[in-house]
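Sharing a structure here in structure tokens format.
For clarity, chains are labelled A, B, C, D and E in written order, and residue numbers in each chain start from 1.
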């Protein structure tokens, strides 16, 4: 019985560590990558995974070590896994709409970006000055 | 062991959030900032869950739940703003 | 009838809710409902005043949670008086509004009632945070009503009004935080008891909180460096609303009186009467500035707004004089100035409607359609506001002058009398310009019966208050005595409140 | 009782004329005349008693707090004046009936006149200082109406305003003085005041009181240097002038001197102030009366001069002088009223009052000429007329005054000069008008006035003669009684007679008459002498002064209230900083005795992030969207902080509110400029930064001080009674819906009103609809991204489930109606975002306002419901039920209340957001137009 | 920890106030919102900072966070939200009526520094 507990503890701990590492990597990618299209990958995939792990850990923890199961973690997980892709999708849409500059190493060449590939460069943020509507 | 793991992961998540903040701050583009903000929401969910495990009760999970929902909504809203300007049309 | 005390809050709330549930609906129905409810409110006010005259201080524990834990509504002479005053003023301006101003925008009647609910709640509550809540209720309602009918000037003045009051609310919360964090209670009577037992280390903090509260109330009451929102907002507001707003500054005055006689009254040791010196000087300054404003006004609405400023200054100075006689005198003056200035707002609007494109501006214009009645009312209102006999203003001022101590006389007399003279000169100019310099044929517009009733009702309070000056002053003097006897107040609330009742 | 009649009948008379119309003028006049007539009869009935020495009085208590009683008296002094006022008043009514033209509104005129008469009677009969003051100011007001009666004339309006301003000022000063007297004596009762002269004279407040009262009196009776308003008041119709400037208005000032003489006189201050002012005024008035060209102006200045004479007499501390003064009041009233009426007749018949045009009118109006001659002679102090008697008494008194000590001889000399001038201008008035050749360039050929118009003059002239011939018989009685009232001790033995034998006063009178003749003959030199002074029009000067004052105040107000919100906020902030900073300085140590808890790294990181985000919000504010994103970071962090410090409810609420706020702000931002132009000057920015820093510092130190101090608060009570009394384990929620449910009721009311107010704001709002984003990119074509649409639709049920869950758990676990409401609202808003307004409208086809309002209604009615069980408003009752998966649920009235909260939140939030959305959508089509 | 908390509140309040003193409607609204966040934190903290208190009444729980300030802050948050909403819509209204989003109604094309 004790063994089971220690085992479970180990599993939970593993999930926690793994999750947090995933999340860290995701955020690191967000911070370090060259252009938006690369940065998008990190958070949308890995961070979600990381949080997923943590949620698994908490499910395990509460259901085994601390009272019965409950529906919050489950709901959270479902929410996250449904919504993350959507927000990623929308973000990329808006990025393409804004014709954010892309680093040459970024693969794929969507038509939204083709005509004015060279105009905008990394330096200038797309928040220039403009007339008030 | 569990406490140790908790501490580690809390620290890591904290670092992650700091990194997100960096991205929110420097941009350069709006989608970048929004993306970072979204990630920040996600990470804070994790933080709250960890906090709950540490305290050993679920009181705060509603908070996490709401962050999950509302964070999504606000991300969507901002993207809609960038795309269409008018959020509700 | 044990629930009488809460009726001034519930009655308008329920009426307002009923009126708001459907946006459309027959106009006459809404009007009658609103008027009837307001009349009922007047009745309730009279009953409350009658009940308060036995000098017992009653309270109503909402949710049956005894003080200091639950929220209570307190009925003493002052709160009863203010509630009745509000209802009378409301009735007058409502009658005026029913002549057509209410159609300018949507939901007028419901909002009007909710406004009343906020004001009455602020007057009745015995709990400091609850006071904040009711302040917000009456503020948001006033925002909405100020915007009633729309228009550039209103929007513009409205934004200033809203922004400044938002800042004020923030300060209110900070002050509340400080006071709760040091005293650990929110019930005013309880605070008044706790403040005597304060640890000396906390005195500075409590003082900060108390003075911040003074800033907040001063903002509401339009005290000198904080009055800036008033002239434009009042001049821009629709006439009936402006008339109703005449009570809004008095809410600030009331709060100052309540808090600084009850919580920081004589018993407060090092914190005793800490606001009065400030209020005294700032009040005099406000008075002087108001007089200047009255002279400077280019149109009648602004002039009345500055007249309100004058009265605010007078009241504040009266508070600063800090004596029973002064308190009684200023309460009499408060009743007079609230009703008459309200009536003047209505009157000025009525006049402006008959002057063609000149409107409210003080310039030569066409002859009025009804010079006789309008002139009579203007003459009476002007005399009353300028503080000349034989109308109520003179009595109030004379009593204030009498109640000044020799040291105060040197400041109060010249400024108060000077402001009176300034108002006299300004108003005589206005009157002669509007009624005597008029030329050309009359505009078709005439005053409907409702408008006449509403205006006349408020203006005629000036002679009435003279006729019944005896009983009224007796009441206000008794009120002043009751206010300064804070022990009785605390006794009657806390002594019974030790055991928290369960539901 | 009869006293009250005397005052009230004329007041009634002021109402009567309005009953009759402007057409039936006879009836109008009769109606008006009736009341004063009755009053006069009543007075006459009282007269014998009063002369016999009794003083009828009556008193009702009116305002004890003010020391004001409705107290009247009719002593000799009052009697003299009452008779004058009513008698001359009646003559004036008769005269005005024929003087006023068809164009004038006669009822109005009579109404004003009667009002004035009432207030005058009130002054002379008042037995209470405050009451006297009230009637005093009332005369100013009613005279304002009378002087401005011909309101179409600019001169009338200005003259009226000037008179009101001057006399009003005097009145206010008088009030101050009377209050001082009242405080010295301890009561405002007239008799007590009159009896306590010694107390008053001994009191240090005597001098200020005296000065203030004299200011009142002098302004009223046009004493130098306040004489300037009186000639300008001549713009009034002549009957008004005849009444105001002979018997009443200006006499009020000297009446006050007489009335308070027992209480105030006898001091050096009184002696010098009063008598010298009077002397100066007498000479000044006489001089200008000789110079002026307009008949009424001449008379006006002569009035000023005679009032000066009377004032001087009251000033000389001698019994006889007072008697002389009273006598002259009587005489002056008679002849001056008559003279004014003759001037009126001339004006009426010739159409001008310019003495240069008028000549030799005796041919046309012999009767009037005779009357004018008699009365003018009386004014000049010609023997056998009443003016002579009082003037001689005056001269006699001046000989005995101790005034000016060694230079005492100056007084009689100056007095004589005054009389010389008086004789001169009287002569000039008569000769230049009625004799001395033929009239030139008159509009109309003059003719004798109608008899009823001459009748009043005739009466007065006869009175002049009678008093002049038989003074002892006609005047002694009333004068003695009046003097008794005006003197502390019984009046001296008084033998009025024409002939006292050859003595110095007689010589002086003779000199006066002869000298007057000489001066008149040589007047041209005087005119040439006078021409070298620039002519000043006091009216223009006064108006100019007022204009300048007004312009100055306008400048002041405009510079102070420059319409800049920043400045207004600045003042609020500065005052807040001042008071709180000042109080903080009073604290010796900021830190309280509580031990400081140590901060763990996570907290530090959190705090750092929050501060950074906050600062970023401020400093990136010119790029609004970014600043908004930063704001939401702050919001997120705040809610995490609430969670960290064990306040889950707050965390939830803060989070939900923050998201809704951000969405709302973005919706609004779409219609506002995307960027703030750079317009604040560097200095301004520095100033604001400093202010903000100071404010932050104060807040932080207050916060720290509070955090480190122990607190024993009432909230232990809530912890104890939450389960037992409130039936819930989540104390916060129990407080919200039960302990302090009243707050929550107010709070949802606020929310509801906000929704409705916003609906009002959005109605008929014209919006600036950008067709492209801030970079000028056209908006992306697909309005509702497909994936989003489908996913959000699938999310809706889950969200609603969550909200129900939170709602039900609320009372025992974090959650509750408010948060649940926000969650629902957000979920529905997501529908709006994903599918657009039309789609949502079809499926959510209900109005939001009713929902919000009914929420408030439910909450309120829940509270009212507890009345049925005899409990106060909002008393709760509850019972527990178990629902699987959700847990122990408490079904309570509090639950119903919470439902109300829930509905209000949903309704109000959607009302705000959805209405906003609708507005924008309705504007979409018109976009191109707005761009063009 | 107290010092940390207080500093944060102070900084937030300062930033909010700075924004509230700007010359355009939108920053003013944002600033007041930020200020209200700060004030809420302040008000909340007057009950003291409890790091691991129980949120709900239970027998095994030892210490609780002071519930009263929480309730007050909840009310304050809601009222603040209502006020923010109203003021921001009012800001739109100003833009619509006055034609500029300057708080004093100055036209946009003449960016003038109003003296104060």
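The rule is simple: contacts are C-beta pairs under 8 Å (C-beta built on N, C-alpha and C of every residue); 3 or more make two chains touch, one makes a residue touch a chain.
This structure is a prediction, so every number in the text was calculated from the model and none was measured.
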Lowest number of touching-chain links that must be crossed from chain A to chain B: 1
Least step count from chain A to chain C, where 1 means the two chains touch: 2
Intersection of contact partners for chain B and chain C: D, E
Chain located farthest away, centre of chain E as origin (C-alpha): D
Central chain (by mean CA position): C
Farthest chain relative to chain A (centres taken as mean CA coordinates): D
Between the pairs B-D and D-E, the one where more C-beta pairs touch: D-E
Distance from the mean Cα position of chain E to that of chain A, given in whole angstrom: 30
Averaged-CA centre spacing for the pair chain E and chain C, given as whole angstrom: 28
Separation of mean Cα positions, chain D and chain C [Å, integer]: 17
Distance from the mean Cα position of chain E to that of chain B, given in whole angstrom: 22
Shared interface positions of chain C, touching two or more other chains: 129, 133, 136, 140, 143-144, 147, 150, 159-160, 163, 167, 174, 177-178, 180-181, 186
Junction residues of chain E, two or more chains touched: 20, 25, 28, 40, 42, 45-47, 52, 54-56, 68, 72, 75, 79-80, 82-83, 86, 90-91, 93, 97, 103, 105, 108
Residues of chain A touching at least two other chains: 75, 79, 83, 86, 90, 93-94, 97-98, 126-127, 132
Those chain pairs that satisfy the touch definition: A-B, A-D, B-D, B-E, C-D, C-E, D-E
Chain C residues touching chain E - in the complex, by the definition given at the top: 129, 133, 136, 140, 143-144, 147, 150-152, 155-156, 158-160, 162-163, 166-167, 169-170, 173-174, 176-178, 180-181, 186
Residue numbers on chain D that touch chain C, as the complex places them: 61-68, 130, 133-135, 137-138, 140-141, 144, 148, 151-152, 157, 160-161, 164-165, 168-169, 171-173, 175-176, 179, 182-183, 546, 549-550, 553-554, 556-558, 560-561, 563, 565, 567-569, 571-576, 579-580, 582-589, 592-593, 699, 702, 705-706, 709, 711-715, 717-718, 721, 724-726, 738-743, 746-747, 749-750, 752-754, 756-757, 759-761, 763-764, 847, 849-850, 853-854, 856-857, 860, 864, 867, 871-877
Residue numbers on chain A that touch chain B, as the complex places them: 6, 9-10, 12-14, 16-17, 19-21, 23-24, 26-28, 30-31, 36, 39-40, 42-44, 47-48, 50-51, 54-55, 57-58, 61-62, 66, 70, 72-73, 75-76, 79-80, 83-84, 86-87, 90-91, 93-95, 97-98, 100, 122, 124-127
Footprint of chain E on chain D - complex, ascending: 562-567, 569-570, 573, 596-599, 603-604, 607, 610-611, 614-615, 617-618, 621, 624, 627-628, 631, 634-635, 638, 641-642, 644-650, 653-654, 657, 660-661, 664-665, 668-669, 671-673, 676-677, 679-681, 684, 688-689, 691-693, 695-704, 706-708, 711, 713-715, 718-719, 722-723, 729-732, 735-736, 739-740, 743-744, 747-748, 750-751, 753-754, 757-758, 761-762, 765-768, 812-814, 818, 908, 912, 916
Touch list for chain D against partner chain A, complex: 623, 626, 673-675, 677, 768-770, 774-777, 780, 785, 787-788, 791-792, 794-795, 798, 802, 885
